[in-house]
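The following block contains the structure, expressed as structure tokens.
We call the chains A, B, C and D, going by the order they appear; numbering starts again at 1 in every chain.
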Amino acid sequence: MSDKRKIVQVPIGPQHPALKEPESFMVDLRGEKIDAVRLRLGYNHRGIEKGCEQRTYVQDVYLVERICGICSTSHSTAFVQAVEEIAALEVPRRALYIRTIVAELERIHSHLLWLGVAGHEVGFDTLLMYSWRDREAVMDLLALLTGNRVNYGLNTIGGVRRDITPEEIPEILRVMDVLEERTKYYIKLGLEEETLIRRLAGVGKLSKEDAVSLGAVGPTARASGVDRDTRRDDPYAAYGEVSFKVVTDDHCDVYGRTLVRLGELMEAYSIVRQLVKNLPEGPITVKAPLRVPAGEAVSRYEAPRGEDVHYVQANGTDKPERVKVRAPTLANTQSVAKMLEDGYLADLPIVIAAIDPCFSCTDRTISVRDTARGTPQTLTWDELSRYGIDWHRRRGIDFSKVVLSGGARA
Amino acid sequence: MTAATALFQVLVFPGLVFLLGIGLAGEFVDRKLYARLQNRVGPPWFQPLADVLKLLGKEKVVPEEADRRIFTLAPIVALAAVAASFLYIPMWGPKPVLSFEGDLVVVLYLLLIPSLTFFLGGWYSRSIFSTLGAVRAITQVFAYEVPLLLALLAPALLAGTWSIAGMAAYYAAHPGYFLVNVPGLLVALVALLGKLERVPFDIPEAETEIVAGSFTEYSGRYLAFFRLAIDCEAIVCASLLAAVFLPFGLGLGPWIGFVLYLAKVLAIVAVLALLRTLFARLRLDQMVDFCFRVIAPIAFLQVVLNLVLKEFV
Amino acid sequence: MKTPRRRPGAMLQTLLRSLFRRPATTRYPYVPFVMPKGFRGPPRFHVEGCIGCQMCVRNCPARAITITKVGEKRFEATVDLGKCVYCGQCADSCPKKIIEMTSEFELAQIDKGKLRITYHAPAALPSPEGSAPAVPQPPSG
Amino acid sequence: MSEAEAVRAELEKRFPYLAGAVRVQRAKRLWVEVDQAHFAEVFEALSKKLGFTVLCTITGLDLGADLGFIYHLARPAGLMANVKTRAPKGKAIRSVSPLFPGGGIFERELIDLFGASVEGLPPGARYPLPDDWPEGEHPLLKDWQPTSAGTGEKGADRE
């Protein structure tokens, strides 16, 4: 048998249970071993960057917030920071503190979510159930503080929209205590559970050199010993006023990435406590102009998944000239192929999951439009179904020919 | 035994219908316990039945590329083999429906058939995920069958009989020897996780890797039969372990015996549920490694121990 | 901290303890779920105070709101909950503060048309059509 | 002298033509404007000699007759240098992937969304538009409107 015949091509995606979002990994398998991986991104391109140019700054805050469901406040903060820099707004300290508190709560929610997903990807659903149960605490807290569990709608240009009341503070501290204890348990579990360690350790290796040259960011980079964290290196919001440790690890594998995220959870609890303790008095917004003076700014933000970069160019009107978003996952996908080299198929889901991919963020940039007629249009379910069948028929696939047993018809 | 009673015994009680009933009950116990161990509520008692009924009513699609005959026969053969093997296992009385010297070997072979149908059904589905699942399933068979066979061989050697009823009778007469076979029981439980394709050995149907493995293309009635076969297989295997390793109370009359039998089987089902809650899924290479390096040697030592013991009794 | 002992089944204790604890699952919908105070549900327009400035329309990121003049100083507001992203910007933008974010969250509808909610201006005289109520019924289901 | 000022001085010393083209917007933000002819050497000096080892992203701009490119470089310790350059539409720019293997994806984005042409890019799938996206449609160009992709015959088959 020639070598070529031993290779089996497996399509992981665009639709696959391991991926929560559509992206395609074409995997060449040699037995259970991965021979090569080809990535195809872009299934989630929604035209958000273009959309931003056509909306006002006020509307854009909510649009960029919806780039991603998990790190929504990351994107909106990164965006408003850029606009505030252009408009030279002095954001009140209290607003910066509140932003930072919600940012860290978001990190907690994201990392706990990730822990569960990681558990699920290696078939450890019990871990998924427990960590997602605990994540509810922080979700409810976010709902209390901001008015929703996701897409918090917290930021506005020039500050935040909602204050933290004195009654809410004990609740924040209570949730931090509960979660800190739970996180300690997960750290202990991560160091003890044999089957979990066996599935995580040594899997998805990414050396420090590769992490640097492929531009990895966030926990993915830090688990390969790259000591970078925008919160410390280019402080924004209130990060200059709190003390925290940048968690790094030199396992350079999925296990290291797990430990880094668990470590960051512990840091996040301490950051939130410091911020709540020192929450300054004062207003929460300054008046922002409708028309932003011409100028440009780059804003960097350490999202739970890594560094988020927003570039905004203003042209003096109430709409931006250009908004550019670089989500952390786009930087990290470059290293996935490297991590998968010589790995097992069984490890593929966890290796992909370990960068905590968010392909919606990555692709950003649909209103449903009927491109043939050029008008926005809404289809009913029946129309959509008929449309789908016609679409396939035009391409020579006729569902009436599909063999179905029993009396069922296509 | 008249033809009518034989037919009743094979098809209804304690045959197929009864087996399906406790199979679904077993699935409920497994799922409920799994949920409660995870601090969830879990399904209501009728959920397994509702799932099966729903599947029976669903459209069944056979892929165009699949080998139609094998694809449709595989689930039925799986269920038939499991139901047939059930008849040889003594449950609450000392005597099963059918019994002869050497039926242990027949039962073990019959119980191998479902795993083979997973392979055949998956392989002839012709889809990439099914094929991968099929190959994984058959690889896994080679890994867990060795320790499982050795673990069941050991008590048979000590009892000096190849009939399950004979073994049950022997251990009922000598209850002390139960303790000798405890390592074998543990090995058999772990191997069962492999046979039933459960975490940590659910490699052939690992959702996040290969969708549903062999079952990816299955739907409707065929999938329902496969699921029933797996539910029943769990019960048959648990009954087999109960008969071989836990032969208590066989002479206490039908009623107490029946309750005791259910308790034993459900206890084994519960232990299996606990085990699948505890671990992360292993990789195929790790699983094979574990079976051959850890549990097969333990099973082998059990065989040696029982052989030596046999010489001294 | 002592070196942890690596072993399979490290969660055993926790799992067994869970057996004797109440499940964490909320028994929704049998037990109703209440959103915290300040939850941003669908906006409700108290149109009697509307001055027709269109600020909410202009700032709505989803373009879900329309305000129509139906008479002298009388306006009616329509919000499409199928488009609304529940950000609450309209409530912030409204100079008269007549938009209130309700805490309703069970909004699923089979009929898309029911997601378009119109708040009719209070009639000076009995409304000629008199069809839709001034305040919509909470969506059923 | 602050870190950013030091880099400005160093750049102006190395490349006299950059006098006045380097702007310090704030402590951690440096903007460098350089024409296409000198871009390669300035970019290489920044990334190789001056420690800007991180390429955050590349922003494309539609400047009418030209396309603008902003290369967002950063030092691991936080200082950011945004290198701006421009090239007439249709003229190819050199790929930065020899210096930053992870940078290719940002250039693919420029190709799809702005119609830029990039030389020296390793083979790979397009990003982020679909494979059957019509030729010559580049959504982030200013004259492109969301509806224009499908109005003519060529877009009619795109679903």
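Definition applied: contacts are C-beta pairs under 8 Å (C-beta built on N, C-alpha and C of every residue); 3 or more make two chains touch, one makes a residue touch a chain.
Everything numeric in this text was worked out from a predicted model, so none of it was measured.
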Set B-C beside A-B; more C-beta pairs touch across A-B
Per the C-alpha means, the centres of chain B and chain C lie apart by a whole-Å value of 51
Taking each chain's mean CA coordinate, chain C and chain D are separated, in whole Å, by 42
Expressed in whole Å, how far the mean CA point of chain A lies from that of chain D is 24
Check: chain D positions touching at least 2 other chains come out as none
In chain C, the residues touching two or more other chains are 8-9, 11, 15, 24
Among chain A residues, those touching two or more other chains are 126-127, 130, 133, 193, 195
One finds touching chains in the pairs A-B, A-C, A-D, B-C
Within their complex, chain A touches chain B through residues 8-11, 16-18, 29, 32, 119-127, 129-130, 133, 193, 195-196, 198-199, 344-349, 402-406, 408
So, in the complex, the side of chain C touching chain B is made of residues 8-9, 11-12, 15-16, 18-19, 21, 23-25, 27
Touching chain C in the complex, chain B uses residues 33, 35-42, 274, 277-279
Chain C partner, complex, touching residues on chain A are 55-56, 58-63, 65-66, 126-127, 130, 133, 136, 140, 143-144, 147-148, 151, 153, 156, 161-162, 185, 188-189, 191-195, 197, 378, 380
Per the touch rule above, chain A residues touching chain D in the complex are 38-42, 45, 47, 49-50, 85, 212-216, 226-228, 230, 232-234, 297-298, 300, 307, 309, 311, 313, 322, 324, 326, 330-331, 333-335, 363, 365, 367, 369-375, 391
